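As written, the chain order gives the labels A, B and C, with residue 1 at the start of each chain.
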Amino acid sequence: MTNNTVLKLNGLAKRFGTVVANEDVNLTLAKGEVLALLGENGAGKTTLMNMLFGHYLPDAGTVEVADADGTLHPLALGHPQAALAAGVGMVHQHFALAENINALDNITLGSEPLLAVRRDRRAAQRKVQEIMARSGLTAPLDVAVGRLSVGERQRVEILKALYRDARILVLDEPTAVLTPQEADTLFANIKAMTADGLSVIFISHKLREVLAFSDRIAVLRHGRKVGEMPTSEADEATIARMMVGADTPKVARQVATPGAPVLTLRDVSLAGRSKRDTLRSINLTVHAHEILGVAGISGNGQSGLANLVSGLAVPTSGTLCVDTTEITRPSPAAMVAAGIGRIPEDRHHEGIVGGMSVAENMVIERLDDPAIQSHGLLRRDAIQDNATALAQAYDVRGPGVKASARLLSGGNIQKLILARVFEQSPRLILANQPTRGLDMGAAAEVGRRLLEARSRGAGVLLISEDLDEILGLADRVMVIRDGALLEAGTQDRGKIGLMMAGEPA
Amino acid sequence: MIRIEPREQTSRAFALGVPVLAAGVALALAAIPLMAAGANPIRAYSEMLRGVFGSVFAVSEMLTRATPLIFTGLAAALAFRARLWNIGAEGQLYLGAMAAVAIGSGALDIPGLFLVPLVIVVGAAAGAAGMVAPTYLKVRFGADEVVTTLLLNFIILIFLQMMLEGPLQDPMSLGWPQSAPILDQGVLPPLMDRMRVHSGLILALVLAACAQFMLIRSVWGFKLRAVGENAAAARHAGINVKRSLFGVAAISGGLAGLAGVSEVAGLKGYLTADLSPGFGYTGIVVAMLAGLSPVGVVIAAVFIASVFVGADSMSRAMGVSSFLADLVVSMALLCVLVGGFLAKYRILRTKRAEAAS
Amino acid sequence: MMDLLNILLSESFWAASLRIATPLIFGVLGALICERAGVLNLGIEGIFVVGAMCGWMAVWLGAGLWGGVIVAALSGGVFGLLHAILTVPLGLSQHVSGLGITLFATSVSYFTYRTALPNVSSPPRIEPFQPLDVPLLSDLPFLGPVLFQQTALTWLALLLVALVWYVMNRSALGVALKAVGDNPDSVDAQGLSVYALRIWAIVAGSALMALGGAFLTMSAFDAFFFGMVNGRGWVCIALVIFASWRPGKALLGALLFGAFDALQVRLQTEMGALVPGQVFLMAPYILSIIALVIAARSADYPRALLTPWFKGQR
């Protein structure tokens, strides 16, 4: 190895129970290099980086990190403290920020002795401002982090690492919460920092940004490294095949003529507790045979819209009609009764009751159905038979329908929810981030089921933060921003991106 | 390095074995305070056994003691299943008891066929009100029911003293704070001649069986379990979470109220402020030992009652403080907690290859 | 009405308020530290009992008053450590563990007391803390009797309010404590130990709770009785929510509560003929519930309160 190498991972392996998360992964990183770590959900990218950073203890393998002079030293594993001291900084996908203290305190947390009587906040502030000037990353320092925007929080996360004099920066899906334009700015900042000698690993599953911004690409599949190449030699088709191990399943869609409206929102407002669940006088119509995609950056009112349609929130003003009937007393039960099938955003938290059986979860929305109960007592055989049939039809795999739902994998939980929803032949399907966290196979299955429902005559309201998903499935696109809903009138990703960011297209 | 890893699935045997093991460990640990008190633990344990199972009378005493614990244990178990933390069974017990003497000690002189059911229903209703109120504060204002039910226990106890020195005081009591006795026809009849065990036990067993059936087989129980396991998902699925909470609050409080009815109308005959030596709090231990299963509550209540009755008789024989029983009970709770952890997770010692440099 | 005004203006009323508030100040501060770190400590009621019993017994055995205070704090710390082990690395239900600690600590105290003193008809007494009677200052009008004729433990409580405030708002330790109660990952990612921070916070908080108990046997009274804590711990749990986890407001809450309690005693003597005394006895508990209802929605809970955190499971 040249003395230009700043990081070496040697044969790292990790298993959780019987699941292999990583197996014999070797990786090197050069000074000033941007390495993209690419792979499907569940390919082991995040686990690998969490081992590097000391959150997980590897079952086998070693890590070497260069000191400031470029000499490689073995890193003590399993201790974030050691990784920090060696100059490794990590920005997690779910920000590791305390919201009740300000940005400066979040940045300096852990770098001061805890039992010191006095703190030198001014010196810390000076150092952070210096870093902000150098890197171009800025954020207000004296405001509680809970009040910062997502972009600002991400910059605070990166500042945290730079404050600790990180020479290697790991970014886990950094653009997941940003507009395309914000993402471009972030990568420009990263380029500037690498010119200063910083080395960067960024985790992604977006081929576009990987090809545009990295120097080298490493691909993981099923926990193993399956390929590595300079970005200049890579193209989209090759890496996609490497990630999936086969050609990407393309979702085939046919043109359909929209029918009568199945869901109409007229001037609906919702006074939420925060920006994420506030709606400002929105109008929306979903027709039969139509998939309406709602694009937007996370936290712009998507939760409010989803809560409204699933019956969890009651509009402050405006009307909501299913077919031609106005829903005057919205509740989850009323929405189910009106023929709305709901695929919730957080499938673990809202989709299933993990401690109850798969069979029970499959009937939880139809407890009034005489097929399920008589005189208030459960018909256990009927519930059992229903579950066996649905598990078969929707390919729900796991330890059986009598086992707790929490034992299912993410993809199988989503299949359980799909089975529950689609089996009732809903008039309208609300799909909120339906493929988030699923591998490509499971995601394609969700897309196929949505299109199937559309050709059957259902309307679909697809809310997603993944623009590619929307462009792949939706007949019509709307953009949600700051609680307002706008007709996109286009399928052009650049124009939609600008609308998401709130700039004139 | 030590690592904690969740188990894929807890085996049934393990889940059933944990409470038994916890109870055993708690009893074994009690040897330490016994020795500290200068007693021979082996002799103490055999005294305890004799005190519980040595005679028909002893068994009757134990079952008498178990009766209120089944009620309060069920109260805690059902509420906890819905993640409604009813720590107020002690207060609800007294509400039930007050209602029982208010109706049953002369206010209505009607035949027992009507009086007994009336006393039971009114007592349960009073207890239910004692839990529905804090549940309302929780649902409406977000006030933590743990704290409100705990504080209500104290309020109700003071209210009880006020009643016993006021409207409920027995004019014949010569100024003692105690109520007039329940009318003869209102008494829950004893089960055996010259024994204290009474038909409140039958009521408790029947209710435990009902609770078990309803929890597993009914739509009501399905909803309650869903609300307890994951309230957000239950709400999303169209279950009326608030209605479920109020329902279980009423039933939980009602069961605790029945503990009071049963003690007053089945055992003591009249009400004093020391009717319950903490049955409400002990019910929580019973419920936890039972793994929140209604049938388990019966077994756990028998165990805890045995500890109390056994410790009393051991205390008389050997002069060791009967607070030993409270010690065993509290240790059993902590042990079953730890045992529940071991059933859900395993602790692994991680070995790794030395870092090659 | 005149009577009420007279009471509110009297020195003895305010002196009594502060005296009654003292154990609550200790307790609320202790609960505040635990909850700021993300762990509810319902062991508080039992830890009060342990502090009261151990402090008293140490003095009775000849340890001296301050020796008793130290023994009380240590005994609280031990039971706090037990709660910490159960709730932090093992991540068990904080509700159930706390109630278990309360039952366990109470029965250990009662059993020990009974075993040490098997056959006493009246509880043995110790010489408790005396009012400090600071020269000059105690002679100040009004403030003198209210502030400067309290015992050293009351002063310790007031000192601790200032100390806890300083730590929470001005020190790196306070930042870390607040962070670990809001988002443990933030602390872990910066290389600090979530477990260590939480465990020590619970131990320290429990030691303070025990001091509240010790005040009862070593300053307010001079002996140990069964049932003497009488729900004071639970009142503290309500007050800490009322105080939104801030030391200054915690002091205020405890003082308000003390004032109310002092007032009810006085009203009881004034109006005892009209209303049964129990109405006044009930009032403080009802007040706690009202405070809880008022504060519950507005309070900004530490976000990670009640949520266990395991290393390597993010």
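Criterion: contacts are C-beta pairs under 8 Å (C-beta built on N, C-alpha and C of every residue); 3 or more make two chains touch, one makes a residue touch a chain.
As the structure is a computational prediction, the values presented were derived from the model and not from experiment.
Chain contacts in this assembly form a complete graph, since each chain touches every other chain.
Comparing chain pairs B-C and A-C, the larger number of C-beta contacts belongs to B-C.
Here the spacing of chain A and chain C, counted between their Cα centres, is 44 Å. Separating the CA-averaged centres of chain B and chain C is a span of 28 Å.
For chain A, residues that reach two or more other chains under the stated contact definition are 57.
Multi-chain contact residues, meaning those touching two or more other chains, occur in chain B at positions 3. Counting only residues that touch two or more partner chains, chain C has 312. Listing the residues of chain A that touch chain B in their complex gives 16-17, 57-60, 62, 74, 77-78, 310-312, 331-333, 335-336, 342, 344, 349-356, 360, 364-365, 367, 373, 376-378, 380, 399, 403-404, 407. In the complex of the two chains, the chain C residues touching chain A come out as 170-173, 175-176, 178-183, 185-192, 300, 302-303, 311-312, 314. Those residues of chain B lying in contact with chain A across their complex are 1, 3, 5, 8-9, 217-220, 222-223, 225-226, 229-230, 232-240, 350, 352-353, 355-357. Remark: chain C residues 42, 82, 86, 89-93, 95-97, 99-101, 103-104, 106-108, 110-111, 114-115, 118, 230-231, 234-235, 237-238, 241, 276, 278-279, 281-282, 285-286, 288-289, 292-293, 296-297, 310, 312 touch chain B in the complex. For chain A in complex with chain C, the residues that touch the partner chain are 50, 53, 55-57, 79-81, 83-85, 90, 92, 94, 96-101, 105-106, 108-117, 119, 160.
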